[in-house]
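Here you go, one structure.
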Amino acid sequence: MTNDALQAALTEYFAPWVQALKLGVESADADQVTLRLPVNDQLSRQGGIVCGQAMMAAADTAMALAVFARSGGFRPCTTVQLNSSFLKPLSGQDALVQASIVRAGKSIVFGEIDIRGATDGKSVCRTSTTYALL
Amino acid sequence: MTNDALQAALTEYFAPWVQALKLGVESADADQVTLRLPVNDQLSRQGGIVCGQAMMAAADTAMALAVFARSGGFRPCTTVQLNSSFLKPLSGQDALVQASIVRAGKSIVFGEIDIRGATDGKSVCRTSTTYALL
Amino acid sequence: MTNDALQAALTEYFAPWVQALKLGVESADADQVTLRLPVNDQLSRQGGIVCGQAMMAAADTAMALAVFARSGGFRPCTTVQLNSSFLKPLSGQDALVQASIVRAGKSIVFGEIDIRGATDGKSVCRTSTTYALL
Amino acid sequence: MTNDALQAALTEYFAPWVQALKLGVESADADQVTLRLPVNDQLSRQGGIVCGQAMMAAADTAMALAVFARSGGFRPCTTVQLNSSFLKPLSGQDALVQASIVRAGKSIVFGEIDIRGATDGKSVCRTSTTYALL
């Protein structure tokens, strides 16, 4: 799928509240999708730190798109499990959200998502997830 | 803390994008806080199913409030880990998000969050989490 | 399944290294299985604390037995995910390992395992897990 | 720390039941430790598949050694959380268990453990964990 097709899927298949994150597709291939999470006041709590809720939502969304990219188009699927570790705070820079498919079985897909500062490249949140293909 | 004080904390300490969930404090004591997540089109993806991103965000928010309630007021803290299992879809009803403190140490707090349909009472998402007190 | 049948399954279907835990079936029904983990020097690290490795192994084993109990006999299944939180140390007492089925779908089973001190009843380890039925 | 010093720590600081895994130190530096898990009948369940319990135990043990290696010697620490995903079965070959420190703070260390077949190099189990330094 092209970046444009994945960007269109973001509008078509996700809740408006998720779209309010204004995620942008940076790159994609059959094994990974990278989104940009633009940092702004709407996503920040006290002290200008990006809220963890936005990072988990971006991680889950990036993984769904990685499943679509692997499938060559929209694929009904559902998150079974999503586990996030918050390594350090993020502030003052966008985040790059890279979702990688670690293993894709017939009915279960394992993925990992790494969220890094777009400027300094440092990992701030690591997520592992299991998806069920429907 | 009273329900009103916790509701005020929701406005004061959380990002505007999280406030857009319109979470309401239903009940609280020193061991647990229950929030209502009103279901609406903004939170729904295809087929009217509440998106998992909203459930994770509500779980994390409820746990932060449970830490405040335990502390008797705002307490600087940060999510270290948050693990969510999505048991079944939720649609056509609000969700009740109950965050319970399982164990509170000096620097680490363990919590569990159960999200149920407000009408049928069925569990749809179970989350376990670790918070660090700062 | 009777306690005796589940105890026999422990010998038949698990690796000898897991059997060395000497787990004993305490109770079982269609929704939960409780095992006793006898505490001894083999399982203890420095200071007489039961090692976390034994608790994770007991949790996974108890959940497999809960799937068998629900199915009325041996059922091919595999652990997809297992997440453990270690709340506090355990020493000087056996552990009771209670595995509960939270939701059983056609191909995926969600479970939670609570490990408590057999004497003081205090929770020491909480685990959530996802199993795939084969 | 040298491989020999880490191997000695395996004997000194871990429960006899964990030592029965016969883990061997393959390599180590300040950011990672790799252990070999020799596959044998003691660790195998039906069909010669290495039991998941052994993989979780090896992952936790490798991470503790990675914390020691980073600290330059034994360091009191405890597992707070350990989350494992089981990607595919392992049989007929040893496993290599690589524990990497993702971020080390003053009191909390985040790690990830990748378990691969020693012969085919394929990932069979991925684990993320949080340790508390005491």
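Letters A, B, C and D name the chains as they come in the text, with residue numbers starting at 1 for each one.
We take it that contacts are C-beta pairs under 8 Å (C-beta built on N, C-alpha and C of every residue); 3 or more make two chains touch, one makes a residue touch a chain.
Predicted model, so just to flag it, every value in this text is computed and none were measured.
The interface with the greater number of C-beta contacts, when B-D is set against A-B, is A-B.
Although chain A and chain D carry the same sequence, what matters here is overlap: shared residue numbers make up over half of all numbers found at their interface. Taking the mean Cα position of each chain as its centre, C sits at the greatest distance from chain A. One simple way to say how far apart two chains are is to compare their mean CA positions; for chain A and chain B this gives 21 Å.
Separating the CA-averaged centres of chain A and chain D is a span of 29 Å. Here the CA centre of chain B is 34 Å from the CA centre of chain D.
Contacts with at least two other chains are made by residues 80-81, 83, 85, 130 of chain D. If you sketch which chains touch which, every chain touches every other chain without exception.
Contact residues of chain C toward chain A in the complex are 80-81, 83, 107-108, 130, 132. Listing the residues of chain C that touch chain D in their complex gives 13-18, 20-21, 41-46, 51-54, 56-57, 60-61, 78-86, 89. Contact residues of chain D toward chain A in the complex are 83, 85, 87-88, 102-103, 105, 110, 112, 123, 126, 128, 130.
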